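Got a structure for you, questions after.
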Amino acid sequence: MRTVVVTDPPRADVGDAEVLGKHGVATVHEALGRVGYLGPELRPAWPGARTGGTAVTVVCWPGDNLMIHVAVEQCRPGDVLVVTTTSPSTDGLFGELFATALAHRGVRGVVLGCGVRDVAELRGMGFPVWSRAVSAQGSVKATPGAVNVPVVLGGQVIQPGDVVLGDDDGAMVVPRADVARALTAAAARDEKEAATRAAFREGELGLDRYGLRDRLAGLGLEYVTHDEYERDDR
Amino acid sequence: MRTVVVTDPPRADVGDAEVLGKHGVATVHEALGRVGYLGPELRPAWPGARTGGTAVTVVCWPGDNLMIHVAVEQCRPGDVLVVTTTSPSTDGLFGELFATALAHRGVRGVVLGCGVRDVAELRGMGFPVWSRAVSAQGSVKATPGAVNVPVVLGGQVIQPGDVVLGDDDGAMVVPRADVARALTAAAARDEKEAATRAAFREGELGLDRYGLRDRLAGLGLEYVTHDEYERDDR
Amino acid sequence: MRTVVVTDPPRADVGDAEVLGKHGVATVHEALGRVGYLGPELRPAWPGARTGGTAVTVVCWPGDNLMIHVAVEQCRPGDVLVVTTTSPSTDGLFGELFATALAHRGVRGVVLGCGVRDVAELRGMGFPVWSRAVSAQGSVKATPGAVNVPVVLGGQVIQPGDVVLGDDDGAMVVPRADVARALTAAAARDEKEAATRAAFREGELGLDRYGLRDRLAGLGLEYVTHDEYERDDR
Amino acid sequence: MRTVVVTDPPRADVGDAEVLGKHGVATVHEALGRVGYLGPELRPAWPGARTGGTAVTVVCWPGDNLMIHVAVEQCRPGDVLVVTTTSPSTDGLFGELFATALAHRGVRGVVLGCGVRDVAELRGMGFPVWSRAVSAQGSVKATPGAVNVPVVLGGQVIQPGDVVLGDDDGAMVVPRADVARALTAAAARDEKEAATRAAFREGELGLDRYGLRDRLAGLGLEYVTHDEYERDDR
Amino acid sequence: MRTVVVTDPPRADVGDAEVLGKHGVATVHEALGRVGYLGPELRPAWPGARTGGTAVTVVCWPGDNLMIHVAVEQCRPGDVLVVTTTSPSTDGLFGELFATALAHRGVRGVVLGCGVRDVAELRGMGFPVWSRAVSAQGSVKATPGAVNVPVVLGGQVIQPGDVVLGDDDGAMVVPRADVARALTAAAARDEKEAATRAAFREGELGLDRYGLRDRLAGLGLEYVTHDEYERDDR
Amino acid sequence: MRTVVVTDPPRADVGDAEVLGKHGVATVHEALGRVGYLGPELRPAWPGARTGGTAVTVVCWPGDNLMIHVAVEQCRPGDVLVVTTTSPSTDGLFGELFATALAHRGVRGVVLGCGVRDVAELRGMGFPVWSRAVSAQGSVKATPGAVNVPVVLGGQVIQPGDVVLGDDDGAMVVPRADVARALTAAAARDEKEAATRAAFREGELGLDRYGLRDRLAGLGLEYVTHDEYERDDR
């Protein structure tokens, strides 16, 4: 791995990132064609956390948070820090002191492929964090890594400057080039979902609304009464 | 697998299901002889969720929620929807729109062998959900499965019409034929636990209350002082 | 395994244990030189739980809580009960009735290598519990084990009488012999962290505060612009 | 749970079970409509193990092999012993002494929801075992369970007398009522696969053999050259 | 996700891929600077498997192998097929019939983010496969995905045409642009390791050969006798 | 953690360790009273590996094998190297070059709480290794740890100089003070098992040999015919 800090990568618009954050992870994930979700292993450190910002990426050695210190300096208002490790680790590389430094710089949250600590304090600060684990296990500052290089987290590639979102459903990435499309599609989806919600509240069925009955017949689905089913089963 | 929808299976009494839900999972599980618990992997989507209803069962293909749409139509007031997949999946096959449709039909909650999304919205609605994961990962509607056939979830068989309960301790099944026995035994157990609780508050020991001292002697348990133990250890 | 109950082991001072509990797990873990953490698998049964007390240790057979009954009698005010099993188990060996008995004796909390049940009731009582799982799965009282012998939990040795702490970041052990050192070091660390927090709020960087810039240069870390990086990558 | 031993349940034909065992797990699973597989967690104790027999089922308490002793007496030539536990356990409840007793009775193998030990000896004996783990962890004989009641293993219901198969791909159940259908369908599938194998060896494509090209077009799949794809991506 | 098949992506030289396969995963991983390893979850289907080829990438829906059929047609001699799923799945999407078709086309092996079946037959054919699981669970052919787009597997990005290697230590990717560097560095590393091996056989220590003694002193490592250590510990 | 190397700890007799290794893990574990097993997660790198020796213990930082280099110098003929990490790691900290150096010193095997690489070469050398994972992921040499201090692995405490055994069933520790007892008890157990094996080969049942029938009656186990069971179930 090249041990390098890339300065001032181009970023998506931080206002756009905020709007996407408000649409939420499930909506934007669907709007983009069901891509970009970072998986169910990344959980919010406290319920109700929600954010959207531009990625500053970090690669750390397991059990070593040296590069997070390096990355803080690269953060700007509207950023979300994204921390990965070169191999799986649940150690608590990030805690309340880092959050204090980042909050000062206008950073909107952190997404950690490793563990987080000081959860009670982070909740108290209202600083949003998603992580693979909660862990008090401390770290050294011995081995260099990289800042603002492309990283992989939860099976997704995150480029510095991409939009990263998080809420109670987890976290996701929107590639910088897809932000405009995501904004349009998410707004359309929200509108469509509002109409569906209203229809469902009135008792309309998805089977009818989405025209699934014909497809089901074509797939050979049968309807049988309980008595018929029991009789066949004998 | 037979791709079939079984209509109108006989159900346990929904009033009985509600009473069992109030007794709670731990009590009913013990009352039935320590059977029926769906395991620690099924967690409530929000703390404080609690329910009891009659099972409508669904079998989905992983990553595919087509059959949940089919199942909604089969639900009646007092039901709890139980969703399984043909192989393990954490994808978020269920979210707030489904919950809206189900709430309209008087459904009391959902138990998912897969993932759930829109957790913040579900908490807001007060709609109870238990699931193996929280995941925004979306699904297709391509492959048929089954509704109201017997399913296996968390190592337990659930027949359509069985009672399904959930609370902060997880979820469980009470077979329809065991509901009457469960009601009697759970009430007895609650009464017994109330007496034990009162005794424990006064300082009585389980060793005495449950007559364990003799058994322990028979099992060869010794009592030694710390000094004696240290001496033996050398 | 020797089936034995060791009575009246020497304990750390319960006042010291309380003070360490207030410092919290992350701080004391760092203060001791990054040792003693019981790992990210032990989670509080409810958010905000916090405690510090002296360990009464228990070894149970999986699925069997007989020895917890034995251990209750050995508990004194200021203790924390620590339950392990001879092989991995998530069963709910501990619940609200045990908590009632322990609260009567002045016990400050429980740390379980297995599962816990009655989570809603425990939250209502404010009784602190850390566990590997939440599970309603019940237990038998058939096989003897041991009380107040050294145990291993989360990769750490816990001797009876050691201090055990827990908060939202998990749980940890402070060996009795290290309590005095832990108190001094934790107080020093809290003071140091307060100064760092103040500095970070003013915008000072960890890179400067911890003198990391020189080390990074020595480790060969480069800074390049985004354009330079893209060019090299071609 | 009812602590009961059910004697002499009706069994599928042991000759049929042997034939299904020779077809193998993947073939029979497909032939039955992709049902009955016990999941990837059950692995053979040694490579090349293969069997087919009629199930004698056991329910044990975790860490307790008392009921396996009870079950041995219920076994007949052509049986396969199926061991489950009331909650998850990897302990080695089964080893070479049990295998010796079972081999004497003509038992064809064992499928364990828990762990196995004496793996080297079992390989030497050629006695087939599938298990969730290899573990030397020993067990007690303290708590009763059941023999020849319906059990759940790997998400499947196994009734005593059902056919159980195992090979390098894992293990599966064929319900007694489905054995005749399984024999016919597996033979047909083997024949069909032989033809497909021959065609694939000559270079025919699955796309053509299974008529997938039209379906793919209907699903909107595009073919683009690498250059076109790169251009779109910009 | 765009449902697309990219035809004829540029590939690394298949002779180079073969040479890297002979160097082996551990050597090439180190030679490249400790990057590219696909993680310990991908295991060979049979011991002794070893390969190196150029990647043809596939994205499947979980439980659906439709796109593998599409991908076979895109394979050329010297390729290695790399299969991913849109969300985690252990289902056996690949087996002996696919291997027969691929062997006909000169494909050198398969790396699966999902499960494999027909393990005994694959071992018999000597066809190398790495996978996350062995599973007989069958699949449908219902939902389109993509072929020869960039994929993520085991935390690494794999572009079509990259070199993929596998042996008993797992599998790895060498980006096409890094192949020349990898060849040089792997040869150098093999040579260096041969010299080290010879020295270690003579009794030289790594401490001396790598000049670690000074570093250790600088890091504060102490040497104490057992008696001194015991004394300090009291 | 104190960064220290303890030199020349007292060791158990290496001849005794060899004898225990021949008895095997399952036998010695039972003989000692079912203690000391390091759990099912530690697996041999190749089937048939078997050893017994005296422990030299190592504590490494995750992803860092510096201390293994330090430990090699502390090894003597008859030792087994035991490597732990300060937090969980599957990285391949150990491979063939280390094995070469250790073989020169007469070391009998290695037990790793982390990963191993060069598995094919280790099998070729016949050098026994047990590990939590196989992984080619490489390591740095940056952070100091400890050698020959007490460690915890697989839930067991290992002191330097204790006996460590491994075979196909996993690995275990025998405390130095228990070696004499283990030798006697293992020999007795082997003898007893030989008699049981002979009896089982003749068809005697464990129920009779271990006198379990009376206990089962006392525990309330019923025997019912299949017909009676079916009738009750209705």
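Every chain is named by a letter (A, B, C, D, E and F) in the order it is written, and numbering of its residues begins at 1.
Heads up, the rule we're going with is that contacts are C-beta pairs under 8 Å (C-beta built on N, C-alpha and C of every residue); 3 or more make two chains touch, one makes a residue touch a chain.
Source: prediction; values computed, not measured.
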### Message
Touching both subunit A and subunit D, which chains are there?
### Response
B, C, E, F
### Message
If I list every residue number at the interface of subunit C and subunit D, are over half of them used by both copies, so same, or under half, so different?
### Response
same
### Query
Rounded to the nearest 5 degrees, what angle rotates subunit B onto subunit E on CA?
180
### Query
Taking each chain's centre as the mean of its CA atoms, how far is subunit C from subunit E in angstrom?
38
### Message
From the mean C-alpha coordinate of subunit D to that of subunit E, what's the distance rounded to whole Å?
### Response
29
### Message
Multi-chain contacts only, two chains or more: what residues does subunit D have there?
### Response
2, 34, 39, 86-88, 90, 135, 137, 143
### Touch list for subunit F against partner subunit A, complex
61-64, 86-91, 135, 137, 140, 142-143
### Query
What residues of subunit C sit close enough to touch subunit A in their complex?
24-26, 29-30, 34, 37, 39-40, 43, 47-48, 50, 167-170, 172, 193, 196-197, 200-203, 205-207, 210, 212, 215-216, 219-226, 229
### Message
Please output the residues of subunit B touching subunit D within their complex, sorted ascending.
### Response
1-2, 33-35, 39, 86-88, 150, 152, 155-157
### Query
Which of the residues in subunit A come into contact with subunit C in the complex?
2-10, 46, 66, 69-70, 72-73, 90, 92, 95-98, 100-101, 104-105, 115, 117-120, 123, 133-138, 141, 143-144, 148-149, 160
